[in-house]
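Okay, so chain A shows up in both of these, paired with chain B first and chain C after.
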Partner chain A sequence: MIPEIGQFSLILAFCFAIVQGTLPLVGVWKNNAALSNLAVPAARTQFAFVAIAFICLDYSFYANDFSVLYVASNSNSHLPLAYRLAALWGGHEGSMILWVSILALWTMAVTLFAKSLPETFRIRLISVMGMVSIGFLAFIIFTSNPFERLIPAALDGRDLNPLLQDPGMVFHPPVLYMGYVGFSVAFAFAIAALLDGRLDITWARWTRPWTTVAWVFLTLGIAFGSKWAYYELGWGGWWFWDAVENASFMPWLVGTALIHSLAVTEKRDAFKVWTVLLSICAFSLSLLGTFLVRSGVLTSVHAFATDPRRGVFILMYLVVVIGGALILFAWRAPKVGLGEKFDVVSRESMLLTNNVVLVAAAGSVLLGTMYPLLMDALGAGKISVGPPYFDAVFVAIMAPGLFLMGLGPLAKWRKASLPEIGMRLRVAAVISLVSALLVPLLMGKLTLMTAVGVFLGIWVASTTLILLVNRIKTRKIATPDLVENLKGIPLAFYGMLLAHFGIGVFILGVTLVKGYESEQDLRMDKNDVAKIGNLEFRFDGTQEIAGPNYMSSQGTFTVTSNGKPVTVLQPEKRFYPVQGSVMTEADIGPGVIKDLYVSLGEPLENGAWSVRIYIKPFVQWIWAGAILMALGGILALTDKRYRILNKKAAKEAQDALEVFEA
Partner chain B sequence: MNRTLKFLIPLVLFFIAVGFLFKGLYLDPHEVPSPLVGKPAPTFQAPVLSDASKTFNSADMKGQVWLLNVWASWCGACREEHPVLMAMAKSGQIATYGLDYKDTDQEAQAVLDANGNPYKTIATDVNGKIGIDYGVYGVPETYIIDKTGVIRYKQIGPITEEVLINKIVPMLKELQR
Partner chain C sequence: MKARHKRFGLIAVGLILLVIATVLITKSFKSNLVFFFTPTQVEKGEAPKSGSFRIGGLVENGSLKRLPDGLHVQFKVTDTAKTMLVEYKGILPDLFKEGKGVVAEGKLNAIGVFEADQVLAKHDENYMPPEAAAALKAAKDAKAKEDTK
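What follows is the complex of A and B.
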């Protein structure tokens, strides 16, 4: 009964999405208030029915209802409760339910919090989001029904893929989807603006907080995913340039460009056409990512759907949504006009360079991801280009952009002076150059790549600090009190500093772990001691333990440094009988300076094991950097100019609009 | 350029991409005639994976039929192919040799430790030079080389069970006679 309620709710949600996506637009066009006023109630009703469907499906997982095919394929009665609930998004159909639920959640948020928008604009916005929803609900109902019954019911389920049985599975997908589905709001803003013909400073101000929220989620989602891969996949990498990772990384790159471009549009009324195009691109890449992952066109470790019918459906959807948006763009954008002029050396030009760099980087990732498909379509066979391509091309494109990151925020709007910026940054330049030589030497080996990496990391971090000092200096005229000065700086500025500083931390982490990680593959008998640097790893043997749905050989390694105890690590080799698969669970001793990473290979004779021990210096800085970026975004959001609920800001926006219209 | 036309560029690019995606939906791994088929296999000497003191010399392979599988730890399709290679190794019908392409020994070894090693010996091709001699487009690719050192077959993309049964096994039977 419950699954049928879920199925029926989905169909009702689909009907309400159609109402939400069509009638209000007609209403605004024909000036019919009865029709346009449908937008908000239709959106909220759609949300309610999607939520019911979601709850019904998750209830089926909770209740171990193996008469539902999807539950039987992705869960098992021995699976712990948290994983049973998270197993909802462990397969194709459920992932789509998560997608559409998060879209409905975003739409609901728009109906609740976007009250300061002019009525017609808000209605268009909600209606465009309804259109996006129609396609996805249709996709679920017609090609990927998660409520399909299995008759007779299975005795027990086939279990969730053991790779996914990890706390990361509970948090990572929802956060990631909040990010890339969140770009649908920026997309809807752009489409509403194109329909409206109103593209100005106030438009940018409305769009910014929504885009930033989505970006924060996406940043965190990608960081979670990378951390998960690091400890779960068992060979210590943190990024694989896998198609699925790229699918989330491309919208991130374009979304980052969009955040910066929106700032220019808001502050200078420039880059308007470009900003709209970026808004469309960011969400298009989210959709393309969904297509690549869900249609199975690319061979990937993650892809779980290979049904051409689904692929064709998503592709048609892509054509309608992205193609439609781009036609609208080609038709309406030429009328928008250009913004204010600016000099070759100015903050505008540097932000434009930043945008070009980020978009080019996203383009290179897109090319690398699509290249295998491209070659295949041209008849050259299925291949994969892999990290050698991405490492070389991506780094080469990003490096100059990262250097400019130091200069940009110090440049003045419209016209800046390079010698003046140079003077301000000379300290940072010296510090960065010295560390570029010193840090690699301290770590024991100087190579070009590590020197460049350390230089860029320190450069980005130190120029960010100089920016703060500079900002205080310019305020000092008013009051000499440091605390007063620090308080006087807007939160959004601190947000920017924090996010940029995070990039510096991230670069240092990547450079140092890539340059100085060490690893050893050993055959270890019980009580053998492996010595790596000043650390001793003693293998105390393994013991058999039973988990809720697996058996495990757990090894114990006592780590000491010159005889003093450091930590005890217990990596496992787990056997999941339902799927008959073996999982390697590494154990990691995390640290600010280095991670100790031990994983079990194969059992050898007489209780000996092949063992892999890594020392990963500064690897945690990678995720610390990402978290700083996300915190920066959150700080920027709390700035009173963007507070979505702020009545004064709403009033100001309304006033500005009236002035504009008059 | 005409101002309005400029705004159509994104749309045109998008439709080109859609064309490829559409075609991509209906593609299967398939063979491509390689100019190297029927020609002597380029000889090479390369260090052996995880044991750089040893060298693999392809000239030593003369007199036996062998299979050269180009792979890498970073290649997703290789992981898909891996069980098929394992099955082949178990059957003992043919000696499979690996060429670890643009990879590091540690990462490659980690994959083998986790999933098993189907290869008799693995030569390493860190900078991809041997790959160029063999005309490797990408990984995985597999070559069947006969007793006289001539390439008789090239598989682009993963070896599936179907390819194994319909192509590789009959060809091996013929060559090993």
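What follows is the complex of A and C.
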């Protein structure tokens, strides 16, 4: 019964999405208030029905209802409850339910919080989001029904893939999707503005907080995913340039370009057409990511040919959404206007370079990701693009952009002076150059890559601090009190500082772990000691333990440094009987300076094991940097200019608009 | 310098940088393409003599041998038509099993043994790596063609 309610709710949600996505647009066009007023109630009802469907499906997981095919394929009665509930997004159909639920959630948020927008604009916005929803609901209902019954019911489920049985599974997909799907709001803002034919400073001010929220989620989602891969895949990598990872990274790059371009549009009324294009691109890449990850095209383009319905559907949908948006863009963009002019050396030009760099980086990732798929589809043979391509090209493209990150925020709008910026940054330049030589020497080896990496990391971080000092200095005329001065700086500015500082921390982490990690594969008998640097790893043997739904051989390693105890690590080799699969669970001793990482390979004779031991210096800085970026985004949001709930601001915006219209 | 000249200079610099970037990207891209060959193709000598490539197929049953140091392994990869010997030093992935699909990346050494520096098995129990599946299919198709002749 419950699954049928869920299925029925999905169909109703689809009907309401059609209402939401079409009638209000007609209403605005024909000036028919009865039709345009449908937008908000239709969107909210759609949300309610999607939520019911989501709850019904998750209830089936909770209740171990193995008469539902999807539940039987992705869960098992022995699976712990938290993973049963998260197993909803463990497969294709459920991920789509998560996608459409989060889209409905964002739409709901727009109906609740975007009250300051002019009525017609708000209706168009909600309606465009309805259109996006129609496609995904149709996709689920016609090709990927998660409520399909299995008759007769299975005695027990086939279990969730053991790789996914991890706390990361509970948080990573929803957070990542919040980011992915969140760009649909920026997309809807852009489409609504194109339909409106008006795009000004107020438009940018409305769009910015929504885009920033999505970006914060996406940043955290990617960071979670990377951390998860690091400890769960068992082999110590944190980024593989895998197509699935690239699928989430491309929208992030373009989204980052977008939040910067929006800043220019808001502050200077410039980059208008470009901002709209970026909004469209960011969401298009999100859709492309969904297509790559969800159509089965990655496992094989031939699998795609044997069950073409899903892939063809998403492909058609991509063409309609992206193509439609771009046609609308080509038709209406001239009306939007290019915006204010600026000098060759100015903050605008630096932000433009930032945008070009980020988009070029996204383009190079796109090339590396899609080329093998295209070649395979054309029958030109199986090819893969190696990670060295991504490493080399990505670093080469990003490096100049990261250098400019130091200059940009100090440059004045419209026209800046390079000598003046140079004077301000000379301390940072010296510090960065000295560290670029000193840090690698201290770590034991100087290479070009580490020197450049350390230089850029310290450069970005130190210029950010100088920016703060500079900001205080320029205020000092008003009050000499430091605390007062710090308080007087808007939160958004601190947000920017924190996010940029996070980039610096991230670069240092990446550089040092890439340059100085050490890896050893060893055969270890019981009581063998492996000496790595000044650390000794003693293997104390393994013991058999039983988990809730697995058996495990747990090894114990006592780590000492020159005889003094450091930590005890207990990596496991787990066996999950339901799927008959083996999983390596690494154990990690995390630290600010370095991580100690031990994995069990395979059992050899007489209680010996093959063992892999890593020392990963500064690897935690990678995720610390990402978290700082996200915190920066959150701080920027709390700035009073963007308080979407602020009634006064809402009224002011409305008044300003009335003046504008009059 | 007039604003127009400045703008022209900027565009010129931008274009030059763009050309350099494109050349570098293309070069790096070409040198990092890893091609895939089936054991049959390797036997025919189609695979590069030096340089990395990928092979794929099934791990032949009973072929997995571990050398006494516990870290060097040897196994045979087959596409059901031809078989090749692979050597690898390191820990095999969790899903590596005899009779299951596998993809390995590495080089041929002087005596024609494939020295893998990476063994990939990023698939679940049911699913075959696409390259491995392609290798089996190619061998099957070739056989069918033989039979009809």
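Here is the rule we use: the second predicted complex is superposed on the first by the 651 of 662 C-alpha atoms of A that agree within 3 Å, B and C clash if a C-alpha of one lies under 4 Å from a C-alpha of the other, contacts with A are read in each partner's own complex, and residues count from 1 in each chain.
We take it that contacts are C-beta pairs under 8 Å (C-beta built on N, C-alpha and C of every residue); 3 or more make two chains touch, one makes a residue touch a chain.
These numbers come from a predicted model, not from an experiment.
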Fit or clash between chain C and chain B when superposed on chain A: clash
First, second, both or neither for A:Leu326, with chain B first and chain C second: first
Partner chain(s) touched by A:Ser127 [first = chain B, second = chain C, both, neither]: neither
Touched partner set for A:Ser432, first chain B, second chain C, both or neither: neither
Which of chain B and chain C A:Thr584 touches, first, second, both or neither: both
Contacts of A:Pro388 with chain B and chain C, given as first, second, both or neither: both
Which superposed partner A:Glu602 touches (first chain B, second chain C, both, neither): both
First, second, both or neither for A:Ser610, with chain B first and chain C second: both
Greater residue coverage of chain A in the superposed arrangement, chain B or chain C: B
Contacts of A:Asp521 with chain B and chain C, given as first, second, both or neither: both
Partner chain(s) touched by A:Asn161 [first = chain B, second = chain C, both, neither]: second
Chain B/chain C common contact set on chain A: 234, 299-300, 381-386, 388, 521, 584, 601-602, 610, 612
Residues of chain A that touch chain B when the two form their complex: 234-237, 240-243, 273, 277, 280-281, 284, 291, 295, 297, 299-301, 308, 311-312, 315, 318-319, 322-323, 326-327, 329-330, 333-334, 370, 372-377, 379-388, 519, 521, 584, 601-602, 610, 612
Interfacial residue positions of chain C with respect to chain A in the complex: 3, 6-7, 9-10, 21, 24-25, 28-29, 31-36, 54, 66, 69-71, 89-92, 94-95, 124-125, 127, 130-131, 133-134
Chain B residues within the chain A interface of the complex: 3-4, 7-8, 10-11, 14-15, 17-18, 20-27, 29-32, 50, 72-77, 79-80, 102, 106-107, 109-111, 113-114, 128, 137-139, 141, 156-158
Chain A residues within the chain C interface of the complex: 161, 234, 299-300, 302-303, 343-344, 349, 360, 364, 367-368, 371, 381-386, 388-389, 392-393, 396-397, 521-523, 579-584, 599, 601-602, 604, 608, 610, 612
